[in-house]
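Below is the structure I would like to discuss, written out as structure tokens.
Letters A, B, C and D mark the chains as written, and numbering starts fresh at 1 in each.
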Amino acid sequence: MSDFASPEEYGLADLLCCAAAHEVQDNEVVFAGTGLPMVAIMLAQQTHAPDLKLIFEAGTLDGRPLELPTSVGDARCEMGSSRASGLNDAFSIAQRGYVDLGFLGGAEVDLYGNVNTTCIGDYLDPDLRLTGSGGNPDINSFASRTVFIMVHEKRRFVENTSYITSPGWRVKKWPGGEFVHRKELYGSAYRGGPSAIISTMGVFRFADEEDGHMYLDTCHPGVTPQQIQEQCQFKLDVSRIQGETLVPTREELHFIHDVLDPDEIFIPKVKK
Amino acid sequence: MSDFASPEEYGLADLLCCAAAHEVQDNEVVFAGTGLPMVAIMLAQQTHAPDLKLIFEAGTLDGRPLELPTSVGDARCEMGSSRASGLNDAFSIAQRGYVDLGFLGGAEVDLYGNVNTTCIGDYLDPDLRLTGSGGNPDINSFASRTVFIMVHEKRRFVENTSYITSPGWRVKKWPGGEFVHRKELYGSAYRGGPSAIISTMGVFRFADEEDGHMYLDTCHPGVTPQQIQEQCQFKLDVSRIQGETLVPTREELHFIHDVLDPDEIFIPKVKK
Amino acid sequence: MSQDKHITIQQAAEIIKDGSSLTFSGFTIWRRPFAIVYELIRQYRKNLHLIEVNGGPQTEFLVGAGCVDIWESCWVGHELYGKYGANLSRKVADKEIIVEDYSHAEMLFRFVAGASGAPYAVTQTSLGTDIHNPEYDMLGKAGLRDGKRIAKEKYVFTEDPFFDGGQVVHVPAAKVDVALLCVQQVGEEGTVRVDGQFYSDPEVARAADITIVMAEEIVPEEYLRRNADQNTIASFEVDHIVQCPYGAHPTGMFGHYDVDGPFLKDFYSGTRTQEGYDAFAKEWIHGLDHHSYLEKLGWPRILKMRANSALNFCPREKKGGN
Amino acid sequence: MSQDKHITIQQAAEIIKDGSSLTFSGFTIWRRPFAIVYELIRQYRKNLHLIEVNGGPQTEFLVGAGCVDIWESCWVGHELYGKYGANLSRKVADKEIIVEDYSHAEMLFRFVAGASGAPYAVTQTSLGTDIHNPEYDMLGKAGLRDGKRIAKEKYVFTEDPFFDGGQVVHVPAAKVDVALLCVQQVGEEGTVRVDGQFYSDPEVARAADITIVMAEEIVPEEYLRRNADQNTIASFEVDHIVQCPYGAHPTGMFGHYDVDGPFLKDFYSGTRTQEGYDAFAKEWIHGLDHHSYLEKLGWPRILKMRANSALNFCPREKKGGN
């Protein structure tokens, strides 16, 4: 089964997509955002996790889309789903604790997995206003595990995010804003937190629950830990590195390009 | 149109049903309980209030049943309704302030329209446990007006109810339990309160909003104010009496017995 | 395909342990999961804690059988067929049961909160009534408010800080071990489609830790998924499924059969005493299973209640007709 | 039959006064009431306060036109067709607009509270984030928290007194003057049937004081009432109805047409500057009405988006296909 593709057969988006798919376990309830995560979850559904339950935030529960949706509100989401309803269902289910895994994105991330999707620069006088939170903090508050997929740049792996949109392992306690472990705030609603970041350079995980700092788990093929450290503003823990990120198998590439995203909506084909 | 029936043509239940129907104004949103109120509302719908919107607590909105339901959860409720859903819809709509009028019943009532449907005797050691509140307090809390239909007995028109199930004009402020005007508690959710009691002896209304005590509005044919006072534990205000309760018209009797309740489920026919 | 969710009526009842908290689908005398309720009685389940948006015959049957220690709800009776819950009433008088009273909307909002994972709900209903009388906190008086399954407080008052809207009451989320549902259709993977009013079934299913769905029919999952916007409860919210035609009898099922009024009337008038209840149970519950129960009811009685497919209820016989 | 609820697109826009608060049906780039949104821009509506569960192209069109003073929501963009809201972003940088940020679930729960008449909602989402940073209460800083339509507080923290569950946040109910909905079907008396996901449409309709429903088709009320359990919003919750086929364009409509991606891409890339926006509006909004807008789009473009009735969406052209 380890029919791994050779380097010229896959691109970076394929690698990220497969790494994301590997985070999914069978039978899990998975909350998907728009874009690459959708393809990753549908890939997991086609391969090792046929019984995962896919929830789209806009209100489809246990969906099995025929054609790749371009957003979670897409008409394509409804096909084959157990229930098509609305956001109150989706967020109530999430807050109730049904969600095992959520996939999210971000513009900036810090050492504790706090993520920003709101603005760059001072919130009160921003250099750039971004989309805003969307459901990022909600899924991250309620899911047992969340995985972020991000572009890796030094301006994105930062000492302090411009704004904490989505809660990591150490978050701000208001009104003072001092950092505390998320357990201290969430109480019985605490179920976990960020479990991995899949960047364009490597895969990162978080140390034991109590500490919660990010460490480098695997480097993508051809990338060194030192190159990654150079693209982080904070000191990165590289002591636990496990080697290289698994490359896509030919079977996975087949599903991605022939079945799930033949039109290259989210994942371009490699020019051969 | 004042084709009033003669005394031998109608019974007490007919009289109560018509009196209740007269409380409904056209275009109102009306919340109906099981029993005689259902017939009364459907009678109003057939006569002077064709555009009233009927809500059943179990979850049918703007219903037009073909056949008389025997409870608000009845399969008969759904027919012709705008939406069949559930209690969350019904109670959210009520709390949101859509409901103009609710019809309710009770085992005991006091001078301020506080009603008991929970128990007779000390709550902690009751002589008789009754059904409990059901939606009685909820409809009474949220509707602009509520009308109670009750059997008139001295043990039911009481100085103090055994238990306040449903809030009248002067209610208990907790934790102390001292009586205050309901406005003081409900704040911006205040929309009104009990507007009439239709008993087996007469029709009662409530003095201006500020005071809120019950007064006798009309006596049913053949009943005197004195007879009614004798059947009240509290001193009844009879100063505003307007005469006799309107008797049913032949048209109303036709609708009740030939159209709405031909099987005498709630309203027996008079033996001629 | 997920793991097999099919179980039997007997297995469904066995999932509910002595001391469990339990809730039901339906509304007063409609869509109550009677086949499983009967089986609980046959299995002599004890110390149940019923938390119901509203009660009905299922409450009365379980209470009469001595299965119930705590009843937390707002109403019990048989509608037109029995004005109040005589078994509950008797056990209240005999102090054999703890009753915790909320209003109907409060119970509903408690389940809405439970279903959405919120610790409590916010409402302005029933202010000024004895429902909020601090002396009438019966679970508190009994020392049962441990803050785990049973909330530390019956309610908490506060004021609206956002709009100066007056007094507000917080009522705790309903936390329930098992929800028993009785519906028209369930798919093999658990998707539920309720026809007609769905009452508080979606909230009840989601608030419970274990959800068992008994249906008139188990249908191919794919059939239900062709029109996902007509489904009521999602597959993964349902843990176990049971097929049981007429499983709601003597309560009614929209589109399938009406309430068996005479049966409920007999129950109500016959079970005001414990001896009456025991005799009724001996005749209609113990020693039977669902099939022999249906045999005992007999075809004429069952056919008389059958719903007309155009109406979804059984039209009343007109006088002189039949 | 109730009073006549039919109005025109122009009349619908006139109901929304300068300074009104406004919300919409749909989700990001699906089922947005564009025909009325365009008309608001043509009528030069000013000082609007948008309160949205989530934003989308409708936000960007209104913000770019200068119709909006306050935007209270959680997200704006064009999904695949434009990564963020460039018009909002520009006006934020220029301090021409007040943005109040909540999380998506908070916005949803705020509408749930508004729809159920509760003064606020209880949640545990987004604890520890800057969404709850007291320095970032923008309506408070602007002195607009009058406790009438805009709550006195952005949020209030408390602790769960029932189950010791940790920190809890109360967020104020959404109170909105007008909700504009865009759906597949509405009946003559206002009953709404949404096909596919209904997003937050039921909550939005009920939270608003005035609800206007624009539909692909107005159908006989009796048709919808034959299957009341498939309807989404009750008649009396809807004040006005407008028939307007393709009224959601350039956003999509489940079962009818897909999103016009190229149109949104052009808008996104062309309106990063105010000059760009003004040119776009001059071409596609001002001087047109809904019919001439459709004429301008042209048949080929519209037919290309048409949904397949078996799928409810427009299947993508395969490479090499037409």
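Please note the rule applied: contacts are C-beta pairs under 8 Å (C-beta built on N, C-alpha and C of every residue); 3 or more make two chains touch, one makes a residue touch a chain.
As the structure is a computational prediction, the values presented were derived from the model and not from experiment.
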Neighbouring chains shared between subunit A and subunit C, ordered by label: D
Distance in touch steps, counted as few as possible, from subunit C out to subunit D: 1
Between B-D and B-C, the pair joined by more C-beta contacts: B-C
Length of the line joining the C-alpha centres of subunit A and subunit D, rounded to whole Å: 27
Distance from subunit D to subunit B - Cα centre to Cα centre, in angstrom: 41
Computed distance of Cα centres, subunit B from subunit A, in Å: 57
In subunit A, residues with contacts to at least two other chains: 60, 78-79, 84-85, 88, 91, 94-95, 142, 188-189
Subunit C, residues touching no fewer than two other chains: 117-119, 123-124, 160, 163-165, 196-198, 229
Chains touching one another, given as label pairs in label order: A-C, A-D, B-C, B-D, C-D
Subunit C-facing residues of subunit A, complex: 27, 29, 50-51, 53, 60-62, 64, 78-85, 88-89, 91-98, 142, 188-189
Residues of subunit B defined as touching subunit C within the complex: 34-35, 57-60, 66-67, 70-79, 84-88, 91, 94-95, 114, 118-119, 123-124, 126-138, 141-142, 163-167, 171-175, 177, 180, 182, 185-190, 262-263, 265
Contact set on subunit C toward subunit B in their complex: 26-30, 53-55, 73-77, 79-80, 83-85, 88-89, 92-93, 99, 101-106, 108-109, 112, 123-136, 157, 160, 163-167, 196-203, 252, 254-255, 258-259, 261, 307, 311-313, 315-316, 318-319
Partner subunit B, residues of subunit D touching it in the complex: 1-3, 115-119, 187, 189-191, 206, 222, 224-225, 228-229, 231-237
Footprint of subunit C on subunit D - complex, ascending: 113, 117-124, 147-148, 151-153, 156, 160-165, 168, 170, 172-173, 175, 194-198, 229-230
